[in-house]
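Just below sit the structures, each encoded as structure tokens.
Next, two complexes with chain A in common: one pairs it with chain B, the other with chain C.
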Partner chain A sequence: MVSYSELPNPAHNTGDAPTQLELKLRRKARINSALRYTVLAVIGLIMVYPLIWLVGASFKTNSEMFSSPGFWPSEPTVQGYIDGWKTSTPYTFGHFFLNSLWIIIPKTIGTAISCTLVAYGFARFDFPGKNILFATVIATLLLPNVVTRIPQYLLFRDIGWLDSFLPLWVPSAMAGDAFFVFMVIQFLRAIPRDMEEAARVDGATTLQTLIFIVVPMLMPALISVCLFQFMWTMNDFLGPLIYISSVEKYPVSLALKLSIDTTEAFAWNQILAMSVLALTPSLVVFFMAQKYFIEGISTGGVKG
Partner chain B sequence: MAELQLKSLEKTYGNGFKAVHGINLEVKEGEFMVLVGPSGCAKSTTLRMIAGLETVTGGEIRIGDQVVNDLVPGKRGIAMVFQNYALYPHMKVRRNLSFGLRLKRQPKDQIEQSTQVVSNILEIEELLDRLPKQLSGGQAQRVALGRALIKEPDVFLFDEPLSNLDAKLRASMRVRITDLHKRLRSEGRPATVVYVTHDQVEAMTMGDRICVMKDGHIMQVADPATLYERPANAFVAGFIGMPEMNLVPAVLSSNGAARLTLAGQTIMAGPDLTARLQTADGPVTLGIRPQHLEVLEDGAAEAFSGTISNLEFMGHEVNVHARVGDATFVAVVPTERFDTTLQRGDKVGLRPIAARLHLFDPETGENVSLADQNS
Partner chain C sequence: MGGDSKYLGLWYVSPYIIGLLLFTAFPFLASFYLSFTDYDLLSTPEWVGMKNYEKLFTRDRTFDKSLKVTLIYVFTTVPLKLVFALFIAVVLNYRLKAINLFRTAYYVPSILGGSIAIAVLWRYIFADTGLVNMGLALFGVEPINWFGDPNTALFTITLLRCWQFGSAMVIFLAALQSVDKSLYEAAAIDGAGQWQIFRYITLPLITPVIFFNLIMQTVQAFQEFNGPYIITEGGPLKSTYLLPLYIYDEAFKSFDMGYASAIAWVLFVIIMVLTLIAFWSSKKWVYYAGDKRS
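Moving on to the complex of A and B:
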């Protein structure tokens, strides 16, 4: 099949009118791509429609929500946001956002630092038992999370960390997320060692080399790591559900569920409004770091 | 500046592979030493051991009067220029240059001054605020050179610094580096240089002395002229010179004067060779450079009779390939002296210039025709 780009360029034979065959082929190519884009657009719309509906519905009244199927509110109102923000607890939703933040910040920063250290060790140094240790890291990657839930719970109970944020971020800050370690290792392997050797010749210690040379080069990978960690932690429901029992310490994910539990008739518009708010940080962060994010995962994946 | 000594230096890798077999080398203060050899001859490994980027598994490395085997690279007083420049991609040229000095916590104005001096020498002042990715290959290599220069090291190490550049740029960088070396010498701070390359043109044009390596052994260390005129063995003879020296099995018989027999043809090798001989009669490897092989009419005296198998016109000269029995000789003839009627399949006489003939032991490869002078 002749594609559009393979057809004779009219710029080259100005003056000559395109032949019948050329016109036919060109028309065919145009119809083809129109068809392809239509199919893509329709499927894309179907997939993204619930999200659009969510945003629209958050501005609807409770009664309108189930009466009209369209996403556009007939009488837009922000009452859902106002009521939702107040919550049925003594705390505002802002409090829950802050709680999420207190988990996310140490977890993200800790993950970035610990993963860099561990990955640097695995990618650049030879030490006894390296292969076994690395195999162990990869093995934990394959282990389903559920398997470790109960032993972990017992462990943290014995340490006395229940109903605190610690069980939620400390394991990750100790490079407990094998996936991130693996990702950074793959990225590091694709970076030539010459720069690090040059730094060593320039007189840098191992730590100085890591901080001044390796970390800046790792930035795209680290941004991806932070982004993933941010989004996954923001969306994590099971972790807080298991470890956090007092409402005062609920993060956003639990707080959303809270409004379903406690009210007798569900105030759907409040729930949806707060869901929209809960989505916002992840989306904002993603779009801000999108460029690095794509660079980070694609380089790590392809070259590693 | 200081001299550099390698004593019985060895490198054995963890898997038992021995890359460097106890080499001894002395680089004098201010000397430009080139390590050259085919790929896999361990020249880069040797350089990296001097730099401290590879561990030493035997012998010792001395810089000045200090054994540096166990010193980290930063404490050895060396600077290194890498093949792919190895500039820090996230730092501007200025910071690339001064990284080493900043690690040493030198005062800021002093760093600034050194940066100016070095960028002035290498003509990279206008590049100081660029990132490495905004530089061309030649510019990047000059910055890499500057990064070495700014540290005023005892020993400069170059690891094939020009092999990523195109031919033209390579030639100009070659001159620039040798000029720089001479300039430092005339300024009274001579730079000791170890320069690794696989390019014999670089080796011959840049080195005060050249160390030819093969499979982790040193084959010969000498100045370029000696290396070319008096190769210690067949490997060096074949490695240095373009086109390669003809190395052909022959039989030596001395009956008062040396004779060489090849494919049933015997020629007198002349009194010069007879005087130099260090070997008994028997099979030898005859070595003659293409430039020292005369192409004459067939039947000329003391010439092998051969058949032209190929002619390569190079512009200023013609490479004549001719077969004598099973052996193929290449002779280089200046275009103006080339008989243009010659064609493939024609018979010609090939006469080696006796004074330039080398004979090598076919077993050990050693040159057995160097006796008259001290080798």
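Moving on to the complex of A and C:
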């Protein structure tokens, strides 16, 4: 909303002492901003506290966990981490982390490459059927996955891809995530074409232009795409739940669900400790690159 | 670009075309076909006409319950989340020194919120002796049996999704920051109060992003799966048994692919009808800058 301090302040122009009205307005602005800070701080604390509590609780003993709302453990212990890491399966939690990584990396690379090619095609060329095809990008953006999931499963079953990572990799590597395609197209449309045209005049092919001119300029958008795909794949639960059946291939999300189902009812600290670990990669990536997240959301969103 | 074959662009979008046909268009049509069949994965799909739909709408009490719960969930979660996101964005949109710090703190839950680990955390903080009840006890409130009571269980999932208001907020905030400041000054000089300025200047100018958020959040909310699957497991008394959970159980536990497809199509049609209503009504309330309509 409007702030009074943004209004032109005649006192600065004339050097006169501030009038009664100005003093009143300034006091109002101070109260206003104090009020905003208070609201933001209280809500912020309530929002972040569950996460802080989670970290603290993962170092608590099981008996302490449900006895006080404080987050600081009275007798810190890493037993939860040690026991949780072993899991109830023949594999350690590290194994599940590697599985997650092995799902994420090819999927993210495939997404970045396919989105770049497709966005370049849409943003820089005219071809028959372009408008209809672009309309399908928007339609897919709104299409609920729930309606395509069963036949997709049947398709992957028939070509023998069940219990492999292929159903998780391949659709994304074919620019299947409309959100990312849309985001890169929007970003590319905002980039002037001068450099590309100069390169074409100098005899570069479109592919060379794409690789040497467009991709470097697209980097911020591509980093956003990769970061979001990393997060979403790390969090993805339903995909692996449907396609991955052997425990050996479980990603972290399935392993966590398994640990809830198989751990004895009293071993809460193990589960919370593994939850902390499961969240850590996303948190680290977010704090290293939060600028790209905020920009990514704003490009994909506002211009929509 | 001049001189290139007019099919050159098609080569670049060809991965998308193949993916669209194989993984979206074909499954989309196939699920429509399957919804008229009886298919248990072992034999071939057997055409049964309207039987699945007839059962859904006349004899399936679980579907009635699940549909009702889904609608309640969507129509509480989406407005709560959006109003909250807009409120925080408005409060943040002020020349505060710590704006980036707050924006980050508020955004973290939406980054993590989809994770199973957060659903696990939710199970613990809403447990009988969990964090929430311990916190309420500090204010003298009796502990609430969140997961045991059909009236409160769904609300824990609503709260989880509202907790993730960050991405909607970031979109609102970007829109608020792009509003021309001179409009505010002009209105303030004309004697408009803060609420009037918000109601008659800010709100109309950000209707495009309100519309965008509304559509995206609604489509997403109708597909909520992780929350009820992990936190409440659909219970108690199916009070959190959202349609995506029912579809999953029918398809991948009962292996009744035809019936599950029929439920999926009903869900799809509901989402589509609501989206179309939103698009149609947007002509009346969404204001695009540069548009001549008053």
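Of note:
Keep in mind that, in the parts below, the second predicted complex is superposed on the first by the 256 of 304 C-alpha atoms of A that agree within 3 Å, B and C clash if a C-alpha of one lies under 4 Å from a C-alpha of the other, contacts with A are read in each partner's own complex, and residues count from 1 in each chain.
Just so it is clear, a contact is a pair of C-beta atoms (placed from the backbone, for glycine too) under 8 Å apart; a residue touches a chain by one contact, two chains touch by 3 or more.
Computed from a predicted structure; not experimentally measured.
When both complexes are overlaid on chain A, the residue A:Met217 reaches chain B alone and has no touch with chain C. Contacts of A:Pro192 after superposition on the shared chain: chain B is touched, whereas chain C is not.
Ranking chain B and chain C by residues of chain A touched puts C first. Of the two partner chains, both chain B and chain C are touched by A:Arg200. After overlaying the two complexes on the shared chain, residue contacts for A:Val146 are found with chain C alone; chain B is out of touch. In the superposed model, A:Pro76 makes contact with neither chain B nor chain C.
Within the superposed three-chain model, A:Gly94 lies out of touch with both chain B and chain C [touch as defined at top]. On chain A, the surface patch touched by chain B in one complex and by chain C in the other comprises residues 126, 197, 200. Taken in their complex, chain A has these residues touching chain C: 1-8, 32-33, 36-37, 39-40, 43-44, 47-48, 50-51, 53-54, 57, 65-69, 114, 117-118, 120-122, 124-130, 133, 136-137, 140, 142-155, 170-171, 173-176, 181, 196-197, 200, 206, 231-232, 234-235, 237-238, 242, 252-253, 256-257, 260, 268, 271-272, 274-276, 278-279, 282-283, 286, 290, 293-294, 297-298, 301-302, 304.
Only residues 1, 4, 6-13, 15-20, 22-24, 26-28, 30-31, 34, 88, 90-96, 98, 102-109, 111-112, 114-118, 120-121, 123-125, 127, 129-131, 134-135, 138, 163, 167, 170-171, 174-175, 178, 181, 184-185, 187-189, 194, 197-198, 202, 209, 212-213, 215, 219, 222-223, 225-226, 229-230, 243-244, 247-248, 251-252, 257, 260-261, 264-265, 267-268, 271, 275 of chain C touch chain A when the two sit together in their complex.
Remark: chain A residues 126, 192, 194-195, 197-205, 208, 212-213, 216-217, 219 touch chain B in the complex. Across the complex, chain A is touched by residues 14, 51-53, 72-75, 78-80, 82-84, 86-90, 99-100, 103-104, 147, 151 of chain B.
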